[in-house]
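Please go over the structures that come below.
Below, subunit A partners subunit B and then partners subunit C, in two separate complexes.
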Partner chain A sequence: MARMKFICDAERCIECNGCVTACKNEHEVPWGVNRRRVVTLNDGVPGEKSISVACMHCSDAPCMAVCPVNCFYRTDEGVVLHDKDVCIGCGYCSYACPFGAPQFPSQGTFGVRGKMDKCTFCAGGPEANGSQAEFEKYGRNRLAEGKLPACAEMCSTKALLAGDGDVVADIFRNRVVQRGKGAEVWGWGTAYGTQQGGQPPAGAKS
Partner chain B sequence: MADKAYEKFPLILSSGRLVEYEGGGEETRSNPWLAELQQEAFVEINPKTAADRGIRNGERVWLSSPTGARLNVQALVTERVAPDTVWMPFHFSGRWQGADMLAYYPKGAAPVVRGEAVNTATTYGYDSVTMMQETKTTICNVERA
Partner chain C sequence: MKRISITLTALLVLAGVSACTEKPQTGGGVRQDAAPYTGTGSNFTQPGWKAGDKTSWEQQLKARQQYSQNEYTRTR
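This part shows the complex of A and B:
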């Protein structure tokens, strides 16, 4: 079974926000909830780099570890999903997440946040695949339709890759060999552990 | 040059595009997916120019031009522009010299995001060879609002 992963290639990302827009449109995500966002470092100075950030579906997911009601679960494909019927909106996951992925729809009285919302790797939730109930809570289930996440499919420079971890790591590794630079994959080590594919060989220079 | 406009307006204002919007932006600013990504009209100012005027990143500024126009926009302090240049996106409209024009839109027709139009500031200049009007740049000054 494939283990689904994201890679964002900072050498290629042109900060077009196509991934953000694709995600918003695919899942009809409301204003203020950002399942995916583009972060730009050193904006406006030489060496500016952008990366697209969302839930990375970590191998050892901190959100899963801290959730007091165990609303998180992992699918056979390694996608970290959550059950909004169980979620109590406590926000622990947002403190634990190194990527700022968990989103909360409201800032109400007494800290009422509403149910947590995050990237599902376009894999929906616990409801029946493709059902209306699933769409309303989690957005479209593209994985069940045999499609990859809309953000990566839409990426105009193919900076954002989504799919089987071994496959996307191979694509990335070939790019690094071809261009001879840009071997760092932002977030890969944090999400999937440093010894996995996509990391540069020891001592490699970017 | 007799009126020494360049002394009152020492900066060059250039205008250009943002990836989220198209043209005057009326249609794309009405799309919430896009509008959420660019919620304010802004002017890019070099850190040195901003410091000389006591402007901090994210503050409101008045941009004035020889036409007498005064645009109220947000300052984006960045090294992307040189100290003698400021830059504005041209996709905005719906605010006029500090006032929101919301009441003038037919009901339900107002775009999600409204901002100062750069053409309020650009001048009557034109190219004497091609007779093309100059809507790309003008001279201007920026001060803290």
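This part shows the complex of A and C:
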């Protein structure tokens, strides 16, 4: 199986926040923590676009690179997960992430700051699959139930696609061919491509 | 006598310094996580695949992607 990936089709997203609600409900995410959120690009300008953003489970995840306690790990399916028993809540991952995915509860282990929380691609954490301990720390493990992430499955317009990267890319490619526009995929290159966010394209003069 | 005392002092200093060595840092995060295809044993598991069978799990997810996210397969 290829790697698990997210695509948000900006041509289809209607900013309904169904994905955000589905995520919050599925994992019982506390107040102040938004594993997923909808962002509007060029807000108020004719032709504005909305996209649903969460952890993209990057191929070369910056959060993994900067974590001083090495609490992140990547599964065989390419899902980037972390161990809350190891996390020290330093926030380095938050600065490194180009998508603003890491979230910190305002109350928790470190008093005014809890351990980092982020999208798990509905794959839970290092605790036993489907266990109560896993649910309380990371939320439901839908992948181990043979399901896809709740955000994508609840998306009313199917703007948010999740799952095997090859299948997701095929579905999106077919859409673009059918409608003849909207081939831009926000965040795809940053998360899964060789060009990292904030870096000039290869060959560009500095 | 002086030489013996110097040797003893040196040995004591060495013993004292050796207690200050850094402990080995082996806590490099958690790498043990059960693969998702092993299932959860939950009653909410999607039927159509067998827990523990990686191939059937992959096929189940790919099929689910097609029928739940690709409406072109239904409108064609």
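FYI, the second predicted complex is superposed on the first by the 186 of 206 C-alpha atoms of A that agree within 3 Å, B and C clash if a C-alpha of one lies under 4 Å from a C-alpha of the other, contacts with A are read in each partner's own complex, and residues count from 1 in each chain.
Criterion: contacts are C-beta pairs under 8 Å (C-beta built on N, C-alpha and C of every residue); 3 or more make two chains touch, one makes a residue touch a chain.
Just so you know, these numbers come straight off a predicted model, no measurement behind them.
Participant: Subunit A residues in contact: does subunit B have more, or subunit C?
Facilitator: Per-residue touch count on subunit A favours C.
Participant: Once chain A of both complexes is superposed, is A:53 in touch with subunit B (first), subunit C (second), both, or neither?
Facilitator: Neither partner.
Participant: Is A:21 in contact with subunit B, with subunit C, with both, or with neither (first, second, both, neither)?
Facilitator: After superposition on chain A, A:21 lies in contact with subunit B alone.
Participant: Between subunit B (first) and subunit C (second), which, if any, makes contact with A:80: first, second, both or neither?
Facilitator: It touches nothing on subunit B or subunit C.
Participant: One more residue to check, A:63. First (subunit B), second (subunit C), both or neither?
Facilitator: It touches nothing on subunit B or subunit C.
Participant: So, A:44: does it touch subunit B (first), subunit C (second), both, or neither?
Facilitator: Once the two structures are laid over each other on A, A:44 reaches subunit B alone.
Participant: If you stack the two complexes on chain A, which partner ends up touching A:174: first (subunit B), second (subunit C), both, or neither?
Facilitator: Second partner only.
Participant: Once the structures are superposed on A, label A:148 by its partner contacts, choosing first (subunit B), second (subunit C), both or neither.
Facilitator: Touch status of A:148: second partner only.
Participant: Where on subunit A do subunit B and subunit C both make contact?
Facilitator: In the superposed arrangement, which is not itself an observed complex, subunit A uses no residue for both subunit B and subunit C.
Participant: Looking at the complex, which residues from subunit A come into contact with subunit C?
Facilitator: Those residues of subunit A that touch subunit C are 1, 67, 69-73, 75-77, 81, 83, 85-86, 123, 125-126, 128-130, 141, 143-148, 152-153, 158, 161-164, 167-168, 171, 174-175, 178.
Participant: For the complex, give me every residue of subunit C touching subunit A.
Facilitator: Listed in rising order, the residues are 27-42, 44-46, 48-49, 57-58, 60-62, 64-66, 68-72.
Participant: Where on subunit B does subunit A make contact in their complex?
Facilitator: Residues 19-20, 32-34, 36-37, 44, 78-80 of subunit B touch subunit A in their complex.
Participant: Applying the document's contact rule, which stretches of subunit A touch subunit B when the two form their complex?
Facilitator: Touch residues, subunit A against subunit B: 15-17, 20-21, 24-25, 31-32, 43-45.
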